[in-house]
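Before anything else, here is the set of structures, which you'll find just below.
Next come two complexes, and both contain subunit A; in the first it sits with subunit B, in the second with subunit C.
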Partner chain A sequence: MNLQVSAQSLIFGIFVGGLYGLAAVGLSLVFGVMKMLNVAHGELLMLGGYVTFWFFSLYHIDPFLSLLPSAFVLFLIGMGLYKGLFSPLAKLHEEVKIKNSLLIGFGLSLVFHNLAIRLWTADERSVSVFYSGWGFSLFGLRFPFIRLAGLVLATIVILALQQFLTKTYFGKAIRATTENWESAALMGINIEKTSMVSFALGAALAAMAGTIVSVGYAIHPAMGLEWTLKALIVVVLAGLGNIGGAFVAGVLLGGVESVSALFVGPYMEVVGLVIFLLVLELRPQGLFGKRSE
Partner chain B sequence: MLEIERINVSYGDLQVLWDVFFEVKKEEIVALIGPNSAGKTTTLKTVSGLLRPFAGEIRFEGLAMGNMPIHKRVEMGISLVPEGRGLFPGMSTLENLELGAFTAKGRNCKEETLEQVYQLFPILKKRKKQAAGTLSGGEQQMLAIGRGLMSKPKLLLFDEPSWGLSPLLSKVIYEVIGEINHSGVTILLIEQNVRMALQLAKRAYVIENGRIVKHGDGRNMLNDQHIREVYLGTESV
Partner chain C sequence: MGKQSKTPLLQVEKLVKSFGGLMALFGVNFEIHPGEIFSVIGPNGSGKTTLFNIITGFLKANSGKVTFMGKDITGLPPHQICRQGIARIFQLVKPFHQLTTLQNVMVGRAYGKDPATNLRKSKEEVVEILNFVGLGNKIEVVASQLTMAERKRLELARALAAHPQLLLLDELMAGLNSAETEIAMELVKKIRGSGITVMMVEHIMKAVLGISDRIMALNIGEKIAEGLPKDVVKNQLVIEAYLGK
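And then the complex of A and B:
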């Protein structure tokens, strides 16, 4: 085992970590506004990947070009899911709300999982573009073009989201609702609308992550739970509602997992979970979170 | 301007307001006083829409508000400065104020109102980049009031504006409430500090155990035997 191999693992880990971050910000956004954990978040990511796969195989649209159209499709699906399933929960008492949202989330993940098997079979799919093999080498390290592009896109999307949340009135309304929904309503903010858009935005962010996964990696109907878990770990690492932190934590988790795979092989997932438990135990507000009063 | 007609409100199975009625006329200051857990906060929450009465009606400028959602009431011109301030602690002072002007009406004259708020509370201008959660108690109350003004309300509701403040600061806040009223904003406030509330208010209602038990002129109330004994702690002569 030499330095070269470790460095190469780290680089691949960072590439995948950017996607963990992107998956996590959507989950974090929805949890912040609605105080509901959407355990079907990974399935939304999977659907986004398949939408891109469809755009590519049926209409020959380049996956990077279908990033926004796929996000838009999932935005609409997210709106529908919110209106049909999650909105009625919003009026319930906090504890009952969380329980019910979990039940709905698990139900949805089963439905989407089986729907995907129906529509696309259980085989692994991947969008293979003509430039799949492109890339360059630096200091003997390999940088595949599509994975690098994925990381750059994930970074751009997260930066854009941060700008949206801090610079626009609607973004501020989302943050205000996250901090104190009663006060937000007293400012004249329509909580129902804000929740719906946040949920849809969370789905759209998942779709963008799914799109990038479908190009650089592979998608399959059972991938949802794994991604929900990754996103959850990253959210806990970063601290809730911390968008920039989620990205950094995602990259961190990707890097740690990838390098530890060299030492513990398939148990690399365990390393992520151990970090998750340690952070919960020692720094429950997250690595970058502020302690709440 | 605001008419409360025999509203009944409950939390689940527990009824807390029984046939509560009162009226606030245009440009008045009305105080609602009473002991802890008499239903004062519940009343304000019901007016602002955070709670719904199961019987009775609330009218604002002649319009029944029935099941109107909270944000629509803000658009109509009702603004609440909530109990414990209800700020957005992680957001800056300026962002808190901007959110106060979320409604179309508020946004149209945001810069102008912001200047007025800064004139009322110059310290807020100095603190504008600071996170609201890091302000002192007095500054937080000023911010909560300033934020309440940003929507250009016709009716401003105050829930315990002197809560957690020193007597001196309370006095300052009460002077400002008076000034806000002079600028044409109608005010309904609830307060534990009965003496201060009655000195400021034109009229007052006393609520006990969820029912209105007394109402009258603010100054006269100060001399009322029941009020003196129960709320002011002074024996009547």
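And then the complex of A and C:
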């Protein structure tokens, strides 16, 4: 095993890691605002990928162009899911709320999983564009164009989200609600609307990640759980509600997994989970999280 | 003007609230007039905080009506009630822990009644409010670093920044030492002096008797007395409720 192979693995790991980060920020946003864990987050990502796949195979729309339309479709689905399923939980006591949201999330993930098998069969699908094989080499390392573009897009989306949360009126309302929803309500912030938009935004972010996955990698109906787990690991690594941190943690996880695959082969999934446990044990506020009392 | 002060700022009629089989409020009626300091007293579990939660929209009453400035606000969500002009502080303070005192109060200014359109301009006003409550030298301190007394004052500043006509104080003095209580009492009087009507729930009798214009006593969800402080404390039902027969 030489250095070049390791370096190449690391680079591919970083490309995937950007997507882990993107998947995680959506989950983190929803958890932060509503204190609900949406375990169907990975399925929303999967749906976003299939929407892009449909746009491409039915209407021949370039997947990178359908990034926003696909996000919009999932935004609407997210709004519907919030209104129909999650909003009745909003007023419950925190512990009851999270348990109920887990149940709803598991149910949803089963429904979406089976719906996807019905609609798109259980085969792996991928969007292959004419530039799929493009790329360039640097120091003997391969940089595929679509994966690089995926990482760049993920970075841009996360930066935009961070600007939205820190600079806009509505974004600030989201952050205030994350810190303390009761005080936020008392200060004139509409919690119901903030929660709905946050949930829909989480779904839209998942859809963008799913879109990029459908181009650079492959999508299949059973991918949801795997992505929910990755997102969860990244959220814990980064510390809750830390958007920039989630991106860095995602890249970190991707890199570590990919390089460790050279040594432990198929057990690379375990590496992420071991890191997850270690962080929970040693640094529960996350690698980049602030300690709160 | 004399006639206007007769119309109540807040009017609560036949308020009923039960939690399952437990009656928390059982047909409570009262009125608060503009410019008053109106206190609610009663033993633990008498329904004081429930009353606050209903007025501010955190709980929905089973029946009854809440009217504020002539408008029916029964059942409105908390953010809309805030924007009508009712602000509140919690018994257990709930600051935005990771924000500085300035940013905490900014939230009230930005989202409360007549929300600020220009945050840079409203910063001046927010600093003024912080000076008013005595946190002028803690503007850049993160809320989680403040002492209990300071957090209470922060909560007060944040409520004031939402431009209320009516301010509900839920045990502002609880957990304060006697010197801090004196300061808090002065502050409440100053707030009333600035034209804001105050309704408070308080256990510390010295504070209640010292600054209230009128007092209402609750016991197990029912009003047992209402009137001037000196009359209410002599009321036989009130004494029994606190001390037993």
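Convention: the second predicted complex is superposed on the first by the 293 of 293 C-alpha atoms of A that agree within 3 Å, B and C clash if a C-alpha of one lies under 4 Å from a C-alpha of the other, contacts with A are read in each partner's own complex, and residues count from 1 in each chain.
Just so it is clear, contacts are C-beta pairs under 8 Å (C-beta built on N, C-alpha and C of every residue); 3 or more make two chains touch, one makes a residue touch a chain.
Every value quoted in this text rests on a predicted model; they were computed, and no experiment measured them.
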{"item": "Superposition on subunit A - do subunit B and subunit C clash or fit", "value": "clash"}
{"item": "Which of subunit B and subunit C A:I189 touches, first, second, both or neither", "value": "both"}
{"item": "Partner chain(s) touched by A:A176 [first = subunit B, second = subunit C, both, neither]", "value": "both"}
{"item": "Set of subunit A residues, in rising order, touched by both subunit B and subunit C", "value": "169, 172-173, 176, 179-180, 182-192, 290, 293"}
{"item": "Subunit A contact footprint on subunit B (complex, rising order)", "value": "48-50, 69-71, 74-75, 79-80, 82, 86-91, 95, 98-100, 102-103, 106-107, 133, 147, 151"}
{"item": "Residue ranges of subunit C touching subunit A (in the complex, touch as defined)", "value": "56-58, 77-80, 82-83, 87-88, 90, 94-99, 107-108, 110-113, 115, 144, 158-159, 162"}
{"item": "Subunit A - residues contacting subunit B, complex", "value": "169, 172-173, 175-176, 179-180, 182-192, 290, 293"}
{"item": "Touch list for subunit A against partner subunit C, complex", "value": "169, 172-173, 176, 179-180, 182-192, 290, 292-293"}
